[in-house]
Amino acid sequence: MERLSAPRFKRLLLTGAAGNLGRVLRPRMKHYCDVLRLSDLAPMDPAGEGEEVVQAPLEDLAAMQSLLKDVDAVLHFGGVSIEKPFDVVLPANIVGAYNVYEAARQRGVKRIVFASSNHVIGFYSQGETITPQALPRPDSYYGLSKAFGENLAQFYFDRYGLETVSLRIGSCWPEPTDRRMLASWLSYDDLERLLVAALSAPVVGHSVIYGVSDNRSTWWDNSAARHIGYRPQDSSEPWRAQVEAAHPYVDPSRPEVRCQGGGFVVLGPFEKDPAP
Amino acid sequence: MERLSAPRFKRLLLTGAAGNLGRVLRPRMKHYCDVLRLSDLAPMDPAGEGEEVVQAPLEDLAAMQSLLKDVDAVLHFGGVSIEKPFDVVLPANIVGAYNVYEAARQRGVKRIVFASSNHVIGFYSQGETITPQALPRPDSYYGLSKAFGENLAQFYFDRYGLETVSLRIGSCWPEPTDRRMLASWLSYDDLERLLVAALSAPVVGHSVIYGVSDNRSTWWDNSAARHIGYRPQDSSEPWRAQVEAAHPYVDPSRPEVRCQGGGFVVLGPFEKDPAP
Amino acid sequence: MERLSAPRFKRLLLTGAAGNLGRVLRPRMKHYCDVLRLSDLAPMDPAGEGEEVVQAPLEDLAAMQSLLKDVDAVLHFGGVSIEKPFDVVLPANIVGAYNVYEAARQRGVKRIVFASSNHVIGFYSQGETITPQALPRPDSYYGLSKAFGENLAQFYFDRYGLETVSLRIGSCWPEPTDRRMLASWLSYDDLERLLVAALSAPVVGHSVIYGVSDNRSTWWDNSAARHIGYRPQDSSEPWRAQVEAAHPYVDPSRPEVRCQGGGFVVLGPFEKDPAP
Amino acid sequence: MERLSAPRFKRLLLTGAAGNLGRVLRPRMKHYCDVLRLSDLAPMDPAGEGEEVVQAPLEDLAAMQSLLKDVDAVLHFGGVSIEKPFDVVLPANIVGAYNVYEAARQRGVKRIVFASSNHVIGFYSQGETITPQALPRPDSYYGLSKAFGENLAQFYFDRYGLETVSLRIGSCWPEPTDRRMLASWLSYDDLERLLVAALSAPVVGHSVIYGVSDNRSTWWDNSAARHIGYRPQDSSEPWRAQVEAAHPYVDPSRPEVRCQGGGFVVLGPFEKDPAP
Amino acid sequence: MERLSAPRFKRLLLTGAAGNLGRVLRPRMKHYCDVLRLSDLAPMDPAGEGEEVVQAPLEDLAAMQSLLKDVDAVLHFGGVSIEKPFDVVLPANIVGAYNVYEAARQRGVKRIVFASSNHVIGFYSQGETITPQALPRPDSYYGLSKAFGENLAQFYFDRYGLETVSLRIGSCWPEPTDRRMLASWLSYDDLERLLVAALSAPVVGHSVIYGVSDNRSTWWDNSAARHIGYRPQDSSEPWRAQVEAAHPYVDPSRPEVRCQGGGFVVLGPFEKDPAP
Amino acid sequence: MERLSAPRFKRLLLTGAAGNLGRVLRPRMKHYCDVLRLSDLAPMDPAGEGEEVVQAPLEDLAAMQSLLKDVDAVLHFGGVSIEKPFDVVLPANIVGAYNVYEAARQRGVKRIVFASSNHVIGFYSQGETITPQALPRPDSYYGLSKAFGENLAQFYFDRYGLETVSLRIGSCWPEPTDRRMLASWLSYDDLERLLVAALSAPVVGHSVIYGVSDNRSTWWDNSAARHIGYRPQDSSEPWRAQVEAAHPYVDPSRPEVRCQGGGFVVLGPFEKDPAP
């Protein structure tokens, strides 16, 4: 892909650098900064030139205070990225988000790009198109934690002026592999475009935008987020024939087919029922 | 045109197959199914390979019950397609629509693509842009019958889960021939794209979308129907010069110029006045 | 009740005068006109002073043309008022409404008050509050026919300037008798107030308003119809204790409990299934 | 006050029974149930007739599983009710809310009335009126935790059908004591009316409503929550003269005056800044 | 009437004190301040106790700079209050409004209550209900000048923090005298209530509210302006019978009947046509 | 650029022909008419073939009456185009706009394209996307005068049927030169496309549209103005790198950075403060 022109940052922080998207973003985001600081709970490849690698758990505030030092902007992709029991989601995604924001405030960071998720609005129907102003309908503990993160971002902007773009990321994979992803797919190149736009828009306050490619069909209308300057260039269409061949029929009366959140809407419950 | 990728249907039913659009669609829709069943009140060309031809009036419920047997999905283009006295519109478009939906329910059909019309909203001004959520302002008995059909579709979805995409078709002709059609024109290729999208979107509930090409100017904003996946490829623009040359001036104070429904808004009344 | 002040009409027409509400309205509406013309398909009590009684089927256009002669305004309460098979609803409520409007146009009638119904929007949840601008979600053939009537009224206003107030009447009975009616009840006195307001508002175009008393809970917000000047004075509250005692528990997962249309949403289907 | 008629519950659970509002509600809610179960982290007065008293921390899931047993409906007033550092708010209000909902799901509880707060939307201006559909703008960690609770309620309804009314309570004190409370005050009697309405409305899904009396001025328009059936009877007006005398001037350029959340919007930060 | 409790002002300025409403307000507003400064272009009664009388044209900036000195808040009722040729409206209402705002800014005045008018939105139909957010549709040069004043108020708030409540006053007369005024009437007592509310609401930014009594029918829904705390106590209803008797029929097809602005919508043009 | 097809006008009037945009438009608009009449207060180049040059002040009504004679449509670009003291803006932009509209009405002109400005809505944040229905938030006397012009246009359409397209022009310069203009830039070619669309749309009533190119980021969503048929072809993107290099950091807490109006929002005040 042709890289977007963008202002160069001195130091960007990418959390969740050992995760699926973190590994995709590591080489890409290096193009936009002098130093790319990388963090994760899990081990990462050693630091290359212009990289800093810091292994640290999000739920450790002191670690986050160190991590956020001398950082211009944060790409917060850390935490649990799939549905898990609440006591797993809580420290990573709720406490972790708090720690990142609080440390960012203390360190004077100006902007965070927050990897939110379509699972914040997963209970809307695939038979409707929604905007970034749609009220949350989370479909999972994971979705709840991302809704918490969006509210946290709103609070830190209203209270302290720390700006955030919350990306409600669809399905970010190498290619779309089922019928839902024909609508929800976000290519890696478009993810990069979206991050660059979110980092370089001069003013964002707290803005919400769906992270989705220019798919022929989608459930998300980003018209109200044009100020961010994201223009997707990819589409799921080239994969349509093979996906539709592999999944010839879906039954819209089943919640996991009908809802935008797909399979997440039927996961759980995780807790064992108590004795009667 | 390059055909859209789409799941293949076993049997599609096209009503109104002898009509203007029916004749256009007959060869086109054959590409998307094993068997294309064709019906009309009027005689049709004999069945070709993979075709079934059934002459039947929409107002005959028993005939519709037979017609809908073993059908996967319906393209309901049958009925009166221009303004007529109410007693002509009634059996074809109101009773007929009821019969098609009721028979479809009985036969377990999963989806109907309903040829609704811009005349459902014909009394809006050409000086405004409306969305699929615009409240009906029908401009004729014909428009009233199509508004009835849309409500019927909503009822059969809410009550029985039978899904519909209602297409508020603009002006579907070989080419645009007057200034109104520069905005309302739908090319035959785009009509096909729209039908394929409406048939193959995994979940539609009851969705409404305007059937219009990608004309430079239009009165219809389909942003709220992006989930259907319709992306028009054609435009009225190549015909603009000749159309504007042929119709140099239109007077916006005349209802038929001002309203989106065009000439329909001044047709009628049809009934003779009673003795005083 | 204290009668509302209102301009006196020379001749009002009340259709459906032999029906439940027609019989309630007959003595009441006499106060607002010199002559009250009463019509129904069924026999009615003989005409009293200042009354005219005309037995006539709504589906007979010629009869309607006679009936509408020399009438200032119409209270159209005629037709089927409960759910029935489509072929019963059709002539009475769809053809009948057309005949009344067309005859009214021919006879120069200025305004119609149309007894529409909450069943036009019966599939909305009782867990939400809707406005007169809510898109139709009819719950029955009856509801479909009333939605048709509302669209017809919009057409006759846009096309011919004939004004209508469409009343989406809730549950108009002597008293509320189940938990749904605690929200949907319309007292007879409030019905009268509503009719007088709808008749005497100087300008209404085509306006829609919910016909409901000032119940403590309701699903309908008439703020957008304040121009009509309806102010209910009654409430279902005095009946609450006895109703709740008689119906201690309702299960909100059942459609007939959850939906605003109540039991109507599960009536039908009426047609026998065809041979397989 | 005259008690509202309401269906009688077998067993209601009131969490936070030792708190300010809990103590107010304890004698009041007894009128609506056979058994009132009371819980809090802190000690409570011993159980009276028809009462059960259970001291238990919200952050203990097993304790909640016991507590929710054989309960018809829950009034969830437990947790921290003022602004505190995040690590204090987290266990009580976020983990606690999760535990209550999860235990309620396991125990088959049908409805929860959730004591949310105006601090969910505290950063809106006092110079505007908002509806229950306003997007969250929390003003504090406390407000964030209540926004989390509302999203949790939405999730448990969408996923499991457990119904909630979220009450965005204003200022619930014996009387209004500053100029902000002239708008935000909720009397104890109106709180009781609100709870009874929220418990007895037949269908609520997840509904949000502002908890505020019928004050002359307010920032909250509950029109969209009429289905709940809350009609406040009290007003801050009788206290206006003394409040305005005591607080003659407020400077609208200061955030704590300008914002609906009042003083909460300037509390914090609580964390000590890290070493530079 | 019982006076509203309100904070006492040291000095209020009432412009237009010699006008119809100015004379009504002079004795009333004295109750809320130590000193009531009165100004007009025309002569006024001599100053009574606690009054200051200043004859000054609004179009004289220097005079306004003197007039606004030591003023807490302004009731700006000055200027032309009926339709006039543009060159009459311009100096009094456009230049005059600018002078008042600019002088108020220079003198540190905190709040202005601006007598705007329903003629800002006079071209809306009487058959609809609008909110304070309705886009302007002025019906006259007078209405245009009031729309200018509202925009000016918005500018002075956004730019300088000077707060305004813009009152879109309906028909403020001793009693309603025609059918339009049954909807648009504002009693003098309600005007006083509205002014006191607008002066004493702690935070208003720039808020717009319709100045209308609690008439049975109206075209204006003030729900979105509840933060101002205006609760009308009067109604046009007691005059209805005599008004309707005097004006038995109005033809809704005539613009002056159909439009909210009434007769204003057909005044003019005033300019003589130029030589052809 | 390839010229748009458009109906040919007999005589177009371009006011402000000596201004920045006027000089750009003079050779371009000549393509769409037989005669291009040019006017300005300042001297202009002598008339070429098919041109008429008239030096005349907008504030002279008689001059405008002569100027508007035999004109089909007006491109009203005259007046002050930057922020100036109110007494400079007033005659040129407020009186001048009135004179142009009044003379146009007298002369039977059918349509005006009004050069409004983004400064009508300059106080909205760059962190949000607004539509043509956004309520005015003018950022300057200049912006106020343009808001007046838009209201004037609405009045002349509602009252006299004279149609207008109001163009809220962004930053129309040869190229974007700062970060704000990356979002607000309108190329000269796109300006021409916009004018041709506004002149040739058959029906516009009074429509508002943002004048902006197809920039990657923008604050303006023209979806609701699709009926005008404007499709921008240019973008600020090619200039991004050099602009961002020249302006590496902007502080979003400063009003002139945060607000859509840019530097205009901090201009002024112009009046000297009066003696204390």
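A few notes on this one:
Which chain is which? They are A, B, C, D, E and F, in the order written, and residues in each are numbered from 1.
What we mean here is this: a contact is a pair of C-beta atoms (placed from the backbone, for glycine too) under 8 Å apart; a residue touches a chain by one contact, two chains touch by 3 or more.
Just so it is clear, the model here is predicted, and its values are computed rather than measured.
Each of C-E and A-D has its own count of C-beta contacts, and the greater count is at A-D.
Rounded to a multiple of 5, the C-alpha superposition of subunit D onto subunit E involves a rotation of 120 degrees. Taking the mean of the C-alpha atoms as each chain's centre, subunit D and subunit F sit 51 Å apart. Looking at subunit C, one finds that residues 223 touch two or more other chains. Contacting chain pairs in the structure are A-B, A-D, A-F, B-C, B-F, C-D, C-E, D-E, E-F.
The residues of subunit B lying in touch with subunit A in their complex are 5-8, 161, 163, 197, 200-207, 223-229, 231. Within the complex formed with subunit D, the subunit A residues making contact are 61-62, 65-66, 86, 90, 94-95, 98, 102-103, 105-107, 123, 133, 135-140, 143-144, 147-148, 151-152, 154-155, 158-160, 265, 268-269, 271, 273-274.
Interface of subunit F with subunit A (complex): residues 125-129, 179-180, 183, 215-221, 223, 237, 240-241, 244, 248-250, 252-253, 257-258.
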